[in-house]
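Heads up, the thing below is written out as structure tokens.
Letters A, B, C, D, E and F name the chains as they come in the text, with residue numbers starting at 1 for each one.
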Amino acid sequence: MSETKLTHFDESGRAKMVDVSNKSITTREAVATGAIFMKPETLALIESGNIKKGDVLAVAQVAGIMGAKKTSHIIPMCHPLMLTGVSIAFDISESPDKRGLRKIDISATVKTKGQTGVEMEALTAVSTAALTIYDMCKAADKDMIIGETALLSKRGGKSGTYIRGGNK
Amino acid sequence: MSETKLTHFDESGRAKMVDVSNKSITTREAVATGAIFMKPETLALIESGNIKKGDVLAVAQVAGIMGAKKTSHIIPMCHPLMLTGVSIAFDISESPDKRGLRKIDISATVKTKGQTGVEMEALTAVSTAALTIYDMCKAADKDMIIGETALLSKRGGKSGTYIRGGNK
Amino acid sequence: MSETKLTHFDESGRAKMVDVSNKSITTREAVATGAIFMKPETLALIESGNIKKGDVLAVAQVAGIMGAKKTSHIIPMCHPLMLTGVSIAFDISESPDKRGLRKIDISATVKTKGQTGVEMEALTAVSTAALTIYDMCKAADKDMIIGETALLSKRGGKSGTYIRGGNK
Amino acid sequence: MSETKLTHFDESGRAKMVDVSNKSITTREAVATGAIFMKPETLALIESGNIKKGDVLAVAQVAGIMGAKKTSHIIPMCHPLMLTGVSIAFDISESPDKRGLRKIDISATVKTKGQTGVEMEALTAVSTAALTIYDMCKAADKDMIIGETALLSKRGGKSGTYIRGGNK
Amino acid sequence: MSETKLTHFDESGRAKMVDVSNKSITTREAVATGAIFMKPETLALIESGNIKKGDVLAVAQVAGIMGAKKTSHIIPMCHPLMLTGVSIAFDISESPDKRGLRKIDISATVKTKGQTGVEMEALTAVSTAALTIYDMCKAADKDMIIGETALLSKRGGKSGTYIRGGNK
Amino acid sequence: MSETKLTHFDESGRAKMVDVSNKSITTREAVATGAIFMKPETLALIESGNIKKGDVLAVAQVAGIMGAKKTSHIIPMCHPLMLTGVSIAFDISESPDKRGLRKIDISATVKTKGQTGVEMEALTAVSTAALTIYDMCKAADKDMIIGETALLSKRGGKSGTYIRGGNK
């Protein structure tokens, strides 16, 4: 990585939106993951508490999908892209971790057919879904923690396939 | 917490924006924190590498402040609020953690004079700043992790002061 | 009404955003209603078809609430307002009408504490929810009709209470 | 239609933005129509009253065109699309209907060259134009009704041509 | 001015949204002006050419009013404000200047009742209206120049009244 | 130019978004320039005053790039486009002009691969950057003037290359 440069800056050191005009149009996909950690009682409220089961996650899912579409307006140097597919999945942990917290795993898959990748769209979708869960449960629990947000994989484009923990 | 209900749902179990019409207008403040973890080489690029020192963080700071202002458009059940102040601070860790990663701590302070609090605005500012750092460094390092995003404190409003780890 | 003027125009006949600087800040509420008409088979799909019951309406509800918050960016002469509450309700008709269509009634209640009313926010919420139902069912049925969108009531402000069909 | 499934849901019954990555890029067009009904006195104000003739419709036209461009931010599961053309037309009814109301017919034509259709963009343009007319006239008449919003036709794409009332 | 500091930066020299939490809520007004210069033939097209008189300006007026409402999303450190009134006026020059260009003067008046002023909203309205005129005429004339955009006056708030060219 | 028509209007004289469905997809580039004029003391504050050198321009640069991406939401008849590159440069004048004012020249280069040009995106980027500089310095100097905003060049598309002051 010693030769790597950050590409988002021009010769005078100022930020720019990187020129991708000459990159080829290919199908691209990115998957990002994250999690929100909370007291077991809070997760119980989401699962079966005083509300219709699943609705917190239904709202978070809509928020995540809409968040993916807003990425280029939220992240300054992101290129606008015509997303061709966005889906979000949740997985609820069975048992508490060492801190006594249970978690909801969030993953987002985003696709496009364009000149640059959708890593930021997937990460933004996960972050938006996590923030929405926080918002809807914060009257009951302000101690929740959002964490472990990372890129799981990307496919398509010149830099090829990336798999987290694998060989680049 | 046994009696707590999630407030974002109506009697039929559907999501709503909670009615705060009768809450009093007070000065409110929230502080949220988060971090982005990366390889020491990546942090070195941000600090003193091939780019003007600080510019990644300058862009992230602008993104975080603008993100705070977009909160009610990103988080479905958030009330629109006239923010009266937003500031963001970064703190760069000196040494790597057990995983060999260094981190940038991000904190956001948001204020308003209104009928409901600004916890989500502070959390959204932190998340947006972290995502922006990821975006600007991802050509060099796709393994970065965004984590530990949480509310540090809130002041003002009927529910009073909250300090993370303290007595509510 | 003979003396009534349209208030959204200045002396030269050009559009403006009406000056409400001197109107008093009061609690205001508006309720709007609308409906979407569809084949009984389409409504059956929403109710109990191949999908989890209620999800189309859950998405429509989130869309309607977010639509209310976007009103001043969608309707050119609308004032920005800090909404203090938004809720949306659906009511599914039991039997088909004369055209053989069943319908979903949509109602939106919006509140604010401000210098002008929230009629447009309520109407926009209803329209957005109806459009979202159309979007989610259009692969099955493109013949759906959105109709009967109207203001049911408004309260608060100098012009006082309006009840549809009642005395102004 | 017995075999039809709603496409906007994944296997676990959650909402998603349908994957259109493999659909071909074709020229697509959709036409939607709608109407706003009002007292003859209100329509007279729009036509020739105290204001420059046509200005209410000029504002509604701009709003409708801008609304079409916002569709993917308003309707949660809509794909972002690069619209290549949007036009809106109004037609004012000559005489009152059975309820004594006159109406303005609104139609919107939207085009794109992309992987999915523009039905929602056309419907959103019509709805936005109608809501804008309501907004600009509501000081004079709160009884207006927005109705009959429907898809008139669509062309292009795998599902082919749709003409309202015709053979699919 | 020797003691003046730029207020938009924190102690570490980073940008922030200035804290106005303790400023009092007062009625505030700002007026900004600007102009767009063009060939006489282009202005003739706007005035009486192949199009309905005034329509370019009608679209520019709507754009300017909507632009004022978007200011806090466009200008990074601007506070969100509930605008209580926006109006825009155009004045067409009778004769060409020394360069042989005629001009359209644009002025925008913006009001709010809040904790900070609306100078940026008025300037953004003027700029947006000018850009819109450019857009609508650029097929005929790409040489147009937008210029002389400045604050004419502001009233209200702690810093009091400012009149361009007068005593501050 | 005698035969030129303004293309943004339909046969009835109403505004429309011009249909570019049949234009070919080519690489397009536009460069726009502008300037902000201010007292030498104000420019000194930006250059070396009480703040970290360059930060006003760093914020303006981010604002300009994000402004370019918002163009189709700000300018009513602009087509949405997937920008493939945006960069902004500043040049600070050495000495005052006849009015005793120094200036910052702003230029923006925008690229896309699409069916219509990016002149408006470049002009909007310049205007947004200039407004942001005004915003960040207005506590010190309200007399600043934004001016000379114009298209410098465009390349690509059926109408070919345009160079300001050159042969069209």
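Note that a contact is a pair of C-beta atoms (placed from the backbone, for glycine too) under 8 Å apart; a residue touches a chain by one contact, two chains touch by 3 or more.
Quantities reported herein were computed from a predicted structural model and do not represent experimental measurements.
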Could you let me know which interface, D-F or A-C, is made of more C-beta pairs in contact? D-F
Compared with subunit A, which chain's mean CA position is the farthest off? E
Can you compute the centre-to-centre distance for subunit B and subunit E, using the mean CA position of each chain? Integer Å is fine. 32
Would you pick out the residues of subunit E that each touch at least 2 other chains? 14-15, 52, 55, 58-59, 62-63, 66, 70, 73, 76-77, 80-82
Are the chains arranged, by touching, as a line, ring, star, complete graph, or other? other
Can you list every touching chain pair? A-B, A-C, A-D, A-F, B-C, B-E, B-F, C-D, C-E, D-E, D-F, E-F
Contacting residues of subunit E [partner subunit F, same complex]: 1-2, 4-9, 13-15, 34, 39, 41-42, 45-46, 49-52, 55-56, 58-59, 62-63, 66-67, 70, 73-78, 119-120, 123-124, 127-128, 130-132, 134-151, 154, 162, 164, 168
Any idea which subunit E residues touch subunit C in the complex? 27, 57-58, 61-62, 65-66, 68-70, 80-89, 111-113
Touch list for subunit E against partner subunit D, complex: 52, 54-55, 58-59, 62-63, 66
Taking the touch rule as given, give the residues of subunit A at its contact with subunit F in the complex, in rising order. 10, 12, 14-21, 23, 72-73, 76-77, 79-82, 114-115
